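Scroll down for the structure; my scribbles are underneath it.
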Amino acid sequence: MNHWIIAPVVLPALLAPVIGFVMRHDIVLARTASIFGAVAMLAIAVGLFVMSGGDPQVYYLGNWPAPFGIVLVLDRLSAVMVLLTSVLALIVLLHAVATGWDSRGRHFHALFQFQLMGIVGAFLTGDIFNLFVFFEILLIASYGLMIHSGGKDRMRAGLQYVVINLAGSTLFLFALGVLYATTGTLNIADLALRLQEIPPEEAALVRVAAMLLLIVFGLKAALFPVQFWLPATYANAPAPVAALFAIMTKVGAYAILRIHTVVFGPGIDATDGLVQTWLLPAAIVTIAIGAIGVLGARRLMPLIAFSVVGSMGTLMAAISAFTPEATTAALYYLVHSTFAAAVLFLVADLVVTRRGRDSLAVQPATVQNGLFAALFFAAAIAMAGMPPLSGFLGKLLVLDALRDPGTMVWAWAAILLGSLLTIVGLARAGSQLFWKSVSVTNDDADEETPEADEDPTKRPAGATEVAPTVVALAVLAALTVLAGPVSNYLDGATEQLFDRDGYVTSVLGTEGEE
Amino acid sequence: MEIVVASSVAALTAAGVYLILRLRTFATILGLALLSYAVNVFLFSSGRLAIDLPPILSKYGDAGYTDPLPQALVLTAIVISFGMTAVLVMVALGAFVESDDDKIDMDSPDETEEGNAP
Amino acid sequence: MSVTIDDHLLIIIALLPFIGALVPGIMIRAGRNACATFTAVPTALALIMLLVKAPAVMSGQVITAEIEWLPQLGLSASFFLDGLGLLFAGMILGVGLLITLYARFYLSGDDPMGQFYTFLLLFQGAMLGIVLSDNILLLLIFWELTSLSSFLLIGYWKHLPEGRQGARMALAVTGAGGLAMIGGMLILGNIVGSYNLTDILKAGDLIRASDWYMPALILILLGAFTKSAQFPFHFWLPHAMAAPTPVSAYLHSATMVKAGVFLMARMWPALAGTDAWFYIVATTGLVTMVIGALIALFKDDLKALLAYSTVSHLGLLTMLLGFGTPLAAMAAVFHIINHLTFKAALFMTAGIVDHETHTRDIKRLGGLRKLMPITFVIGTLAALSMAGIPLLNGFLSKELMLEEAAHTKWAGSYYAVPVMATIGALLSVAYSFRFIGHVFLGPVRDDYPSKPHDPPFGLWAAPALLVVLVVLIGLMPFLAEPLVKTAAYAVTGGDMPYFHLKIWHGFTPALYMSGFATLAGFILLLMHAPLDRIWAAMPRPEAKAIFDRLIAALVAVSRRISEATHDGAMSRYLAIFVVATTALGYLAWRDAGMPAPTRELLPIPPLVFVGWILLLAATVSVVFLHRQRFLALVVIGVIGLTISVGFVYLSAPDLALTQISVETVTIMLLLLALHYMPKSSPIESGTGRRLRDGVIALAAGGGVGALAYSFMLRNTSTISQYHLDNSYEGGGGTNVVNVILVDFRGYDTYGEIIVLGIAGLIIYAVIEALLNGPAARKLRNADFSADRSRDRHPLMMVIATRVMMPVAFMVGAYIFLRGHNQPGGGFVAGLVISIALLMQYMASGFAWTQMRQRIHYHSFIGWGVLVAGLTGAAAWLYASPFLTSLYGYVKLPLIEKFGIGTAFFFDLGVFLAVLGAVMLMLHSLSRIARFAGETVNVEPMDYDPSDHGQAEEKEN
Amino acid sequence: MASVSEILIAFFIVCGGLFGLVGSFGLIKLRESMQRLHGPTKATTLGIGCVLIASMLYALLVKDTVSFHELLITLFLFLTAPITANFVAKTYIIRNIKEDDLPGSQSEYGWSVYDDPPPTKGE
Amino acid sequence: MISRLIPHPLLSITLTLVWLGLVNKVTPGNLLLGAIFGLVVPMITAPYWPDQPTLRRPLVVVRYILVALSDIVVANVQVALMIAFKPNANFKSRWITVPLELTSPEAITVLAGTITMTPGTLSAMLSADASSILVHCLHTEDPEGEVANIKQRYERPLKEIFE
Amino acid sequence: MITAALLFAFACFGVGLLMCLWRMLVGTDSADRILALDTMVINVIALLVLYGILKGTAIYFEAAMLVAMVGFVSTVAYCRFVLRGDIIE
């Protein structure tokens, strides 16, 4: 058995308590350990990525055979998600350290590591109840990160975030109850096996479970009509945290991909057509909500948050087809939109720190206006899905894959019009922030703050502060240039995902010790 | 017996839902607590009901036992929801202290385009 | 057909501008000349390479090059160079060079020139990409890149509001068109089965026969029309004139706006030849030509005049392509060249005039002929060409256009097109003459904003060169013929009749139309002053205002929608969530059936009925009492108690233990928090809303109840028989639930204690943030002293606790140790110990208790999580997976043998984490109290009537 | 035919039930809160006591084992019941009874809910 | 040293017995384990019970327990009958003050507890200086008699035991 | 006979629980409700012990003991809340 599979979970799980409980008075030590952890995580993720080439590899926790114990499954999809998480995490972590966000409240690094543990664990698990547990880990860690450093608005938005997710967790458990009651198992492979045996005329309860799970995952993925929480949460979260949250919505998307493809997916009579019917319309409305929100935003952080909503809509539209081709497109778009959202939040952080607030109202140009404008322009291009960055390719892939004649027009119209509104909205924002500001002179601002070097708004961003953003952009560029090989790999991941029998055989095969 | 359990779950859920739709955080907390009761019982009942068959192995081999797995799941769920509730209570308290107001809804969006500080 | 040759030089040509774009931005410190030079170098290089390839292309070859990019999508970096591509690439690079030169002198020292040249090269690369792409997806990429780079170029002067608005407008309109075009192109690809342009161009018949032809056509034309500023999308172009003049000359006359025309020409073999094509394209072009010309006549801004004239000429080109005949296509190709030469020259002239006089207002100009003779010559020749005066190149293509128009029937009418075309030509003559007459002719004025004179050579060299071309082609059209023919050949896909470019075609209808247009145009100009007054008085839609209002309305509506729906109304979000869940759950259930019930129902003994009443009554009371918060908490106690007893009855003793202890601790936390919060909630929702919520709640509750009931009626085989069978043998415990928790599913439990640990961390962090933030003052000023009891630490409670706590510790130890075999375990034990400590805290207060212990609950959590994790990881030592348990039996003298295993350590981790988390929560909450100024006790009880308490005090 | 031990056990069980019932009955019958406090804390305690004795007897006489962990619960309840009563009484008093309506404490200090304790030497 | 290791010998014995009660089985192993816990737990909790009283006169202790138990039984029957059958109007409830001679907190607690558990009386609270107990009588015709009874029957033996 | 006695006792404590519920719902004072809850706890302990006798098992003993313990602690906490507001000070 390949023990490396559990490493990305155990590493942060052991590191976080040490950081949180032993190093809690020493930020330098905590930073060092945390960065070490993130780097090690990246190394492990790369290793797993390399190892994930063949059949799905199964890790039997406690050495119990599946489906009786809990298993981890390393396949191409989970490998790619873990790699994505660890790259993003390192970038965000370096940004948080460089900008000092991590020291504006307590326990940032411990929560960050726990957050990683939860996300990675969710990607690797092959057990649906364990998925719930890791959802809870990543959620509770995200609650802590969300309200990191406190403040009125953040606390209230954080409260809402907690409440809606608690409601979601409750629903998750309801769904699991129904699922266990009808199938008697929790292992995803075993579920897939048992679902095949349920005839449609006896499938009412299973269908309810599938639907409830869709809503649960949709809530995480900010899918209409359960997307309402996202804008306020992301807009009020500390910017690096919001950047990290770019992966959180993807956890929901991943869960839909995994569960609603392997367990309730194509070829399962019991739940045939159930999810597809609802997912695409919901995705389309989500795109609209995102685009409208971007266009109507008064402030930068909500604007970005709404753009995340829109990108999730596009992603969900691609997923809703449940075809291998569309899934590859979805995965490519997933990777892209994660970095696009993250880089926008990181740029926003640099800008908002200099401007002193996240309003789009015109105020005098800050230091390094040109640099920030360039970074914002690049990030906005990525998010809006304009060339030359990967968003355009992602969008093309998604559009190209959504060819079902019945729904094509709606999906295309939504995605393309959504792009247009997003472009207009981002252009407005950029113009307000970086162009109009040039025509305003600051006459009174100087008088108010004589000691300019003390003022964070006057301090130019150093190389370490800008570097993570640039790296994230470089990732997007690499994703563009290497679109072929990347899609090739993702094709492999999709193929595995749709190979239900292969998955079931790998997990329930004879490898476990009896 | 089944109808008793099912109706209890229904009542707890309904009450919980009604309370989380109220406008104050405290009611929401109560509602989520009730929902948590409801879902625990619901999950527990997915192992079906059994009287006097606790899954404690006895020395006599022929004894019947109820399904232990949902019980373990509920235990995990109880503990997790305890942690969650604790955090929720703290965040609610924090939000109240910060804003002098325990409304669950946010203030209506600012018309002034004033931004938030980072 | 043509021969194709693979040549990777093509890729270098396409990429050179992008590579070059990196340089000027960095080079700017080296000076303006260096900057311009480094811009010119890649352009010149590319142009040279292009010229190297030109002979092959002219001889009918098509040069291709391909790099695989995203084969899954059918996107490859494939380029091809045919006649059309050669023509456009040459134009782009050639004019690019001239513009580079011109801009070097045009831009002032304050302008960031490096940035400008970077943007210019980016644009050039994008444009070059469009004309060289052999893959429509690749073409789309470059297409969007032109929108982006032109956005940057138009907005180059950020301080000008016109620039910013113009840039955004251009981006919005061309961006919208571009997105439409994406749709169209994807449909094309869908029809043909390939995104390869060569394939698509060969599949014209297939495309035109497809059901998806119309949507594809319309979407692609939307892209072309917006880019080429066709009516009604023309309005962005004049506003893009806020850009520096080199930009206007390059993008808005020579290249970018021609991209739409190029695209129509490019797609001609695939799309043209249908009625739809004719009516849409030709009509749009015709209307645009006339309207553009009309507006141009009345524009006083030199650049606006030229902009609208460009709109008009783009209309002309569009119309020609719309005719769908090979000759019209050839005329279009020829006019593309001609328009490029005279219009770029005119823009540069306008730029020079602006540069010298500091105004572009025609009403403030006139008489420059004497002051700026060189400029006058250049401008006049170019304008005459634009008017279509013989011996200049504009005349030639205009004649061809009129000729084609004369033969075109529109909706049954033989006159519509010729008449309209003649009117367009007439107006064109009028504004061209106006450009000459009102700027250069007339008396010299003494009120120019700046004293004008001819500019330095660098500034007039570029337009002069262009005018040379104007004259050359005008006099010797055969010079241009090979290029025109090659390009036209590429447009039509080889379907070309025999034809020669020449000045004199005889007395054709075109000549009469042309002559009439020239004469009437001149007359019209003479009447300009009165007409201008009428024009000014006439109400007409102002496109920019409409666009601005549209965008503003869109923004306002968007804002209203998104702020009304995302207004932070959590209760509505939750209501929607619940309603959606209930409804979708119902719909999922409705469409399938259920097997027949297979279980016999258990009987309901009376006592269960009592418990049921207790539970329901308490639940209902919580709903009705929830505004009296404390009472609601008391009643919740009943629910917790009933459920725990229910668990006991239903064979779940572990659950009962856990439920009752968790519930107690939870209520403690709630009481602690409630202390700082309002003790009651006001009535805030009306009856209607409460009714609505009640209905939602009942629906959700009913649904959940129905679900539970229906699965409880039916049996399923479950995996848990395995757990029952293997619990003792494999897990070493008889309490199967506990063995599942610490062994079979120990990984879940590991996650669960991590959740608790995180909860502890968060609570600590929140308190820190509260106590160190602005809220701290509020807390410090809070007054909690109102009518409180005066006994804080009653003697009796303290004494009882002294006995109770050790006993409770024993209970905790007992529950911990036996958990593996009997109900209990680390979690409950942790809670029991917590409750025991809680008792102590309630009795003697936090401060006194805390003084007597040296324990940091932080480290408890840390150790708990670590112990559990390390126990799990220890399995690696004997090469087993994480969390594999080991156990064995130990036999000590005097003591019966007992089992010990790794599960013990794992459970110990659970115990420590639980204890630490609960105590850290309590500790944190109590910090608020002490912060809020509550007195700190140093004695265990309020008053000790004996001497002992004081005695101890002395010892300390 | 019931044996003596069964009768004994049944007697304690019935007694326990009766005392328990009366204790709870006091809650609804008695008119004043202070009166109601007497019922549960006494009758119920004995009720539970009887039940626990029955349980021990049952183990001893029917199952032939010695069971004495019931004593622990008894110990628990005997320790806690007065404290509980004490707290509930104070809870009632502070909200419903004025200091003047109670008899004096016959000391320079009043009753503990109304009056601060004497200063300790430590302070 | 010994007082450090075994801070509360009586408590240790009690806890050992509690352990045996918990496991409900007397075996050498359990006795040993109980003894270990009986020693360890008081060490942990010793700081919270700084001055344990020494109990004198074990015979008096036994007698006190027997008296209290019999009183509890009798009183419970009386009170149960009263609650069950006596009309509410006939209850003569009143407050009485019992001045205390005891000063040991433990003794006071035991007294108050005994009062609560026995006939118709309920100790509601102490005075702020713990010099008297406020007692609620469910039904009494003779308040002074009640006070005297409490002092004589319970307080005196407690004084012997604790002080 | 024992079974009959047990049934009688179940009935007694069951009715007792309903009486407690009545008091809890009617009030009138917080003290009454706390008392009602405390009495419920005691009835529940009795029921658990009786159930153990009925089923002849000691498995429900811990539950009874734990209920006794947490019942006490929560009663004190409720009272302290009314008395002092802060249950731990």
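Order as written gives the chain letters A, B, C, D, E and F; numbering starts at 1 within each chain.
Just so it is clear, a contact is a pair of C-beta atoms (placed from the backbone, for glycine too) under 8 Å apart; a residue touches a chain by one contact, two chains touch by 3 or more.
Given the structure is predicted, the values throughout are model-derived calculations rather than measurements.
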Third chains touching both subunit F and subunit A: B, C
Most central chain, judged by mean C-alpha position against the global CA mean: A
CA centroid of subunit B to CA centroid of subunit E, Å: 41
Rounded Å distance between subunit A and subunit D, as computed from the means of their C-alpha atoms: 57
Inter-centroid spacing, subunit E versus subunit C (mean Cα positions, whole Å): 74
Between subunit E and subunit F, centroid-to-centroid distance (C-alpha), Å: 22
Interface hub residues of subunit A, defined as touching at least two other chains: 129, 133, 136, 140, 143-144, 147, 150-151, 156-157, 160, 163, 167, 174, 177-178, 180-181, 186, 232, 298
Set of subunit E residues in contact with two or more other chains: 18, 22-24, 112-113, 125-126, 128-129, 131
Interface hub residues of subunit D, defined as touching at least two other chains: 18, 23, 25, 37, 39, 45, 67, 69, 72, 75-76, 79-80, 82-83, 86-87, 89-90, 94, 112-118
List of subunit F residues in touch with subunit C within their complex: 10-11, 14-15, 17-18, 21, 24-25, 30, 33-34, 37, 40-41, 44, 47-48, 51, 59-60, 62-63, 65-67, 69-70, 72-74, 76-78, 80-89
Subunit F-touching residues of subunit C, taken from the complex the two chains share: 606-607, 610-611, 613-614, 617-618, 621, 630-631, 633-635, 637-638, 641, 644-645, 648-649, 653, 656-657, 660-661, 663-664, 667-668, 671-672, 674-675, 784, 788-789, 791-792, 797, 804, 808, 811, 815, 822-824, 828, 832, 835, 838-839, 841-842, 845-846, 922, 925-926, 929, 934, 937
Sites on subunit B touched by subunit A in the complex: 20, 25, 28, 32, 35-36, 38-40, 42-43, 45-48, 69-70, 73, 76-77, 80-81, 83-84, 87-88, 91-92, 94-95, 98-99, 104, 106, 109-110, 113-118
Complex contact set, residues of subunit A against subunit B: 129, 133, 136, 140, 143-144, 147, 150-153, 155-160, 162-163, 166-167, 169-170, 173-174, 176-178, 180-181, 186, 232, 235-236, 238-239, 298-301, 349, 352-353, 355-361
Subunit D residues touching subunit E - in the complex, by the definition given at the top: 18-19, 22-23, 25-26, 29-32, 34-35, 37-39, 41-43, 45-46, 66-69, 71-72, 75, 78-79, 81-83, 85-86, 89-90, 93, 102-118
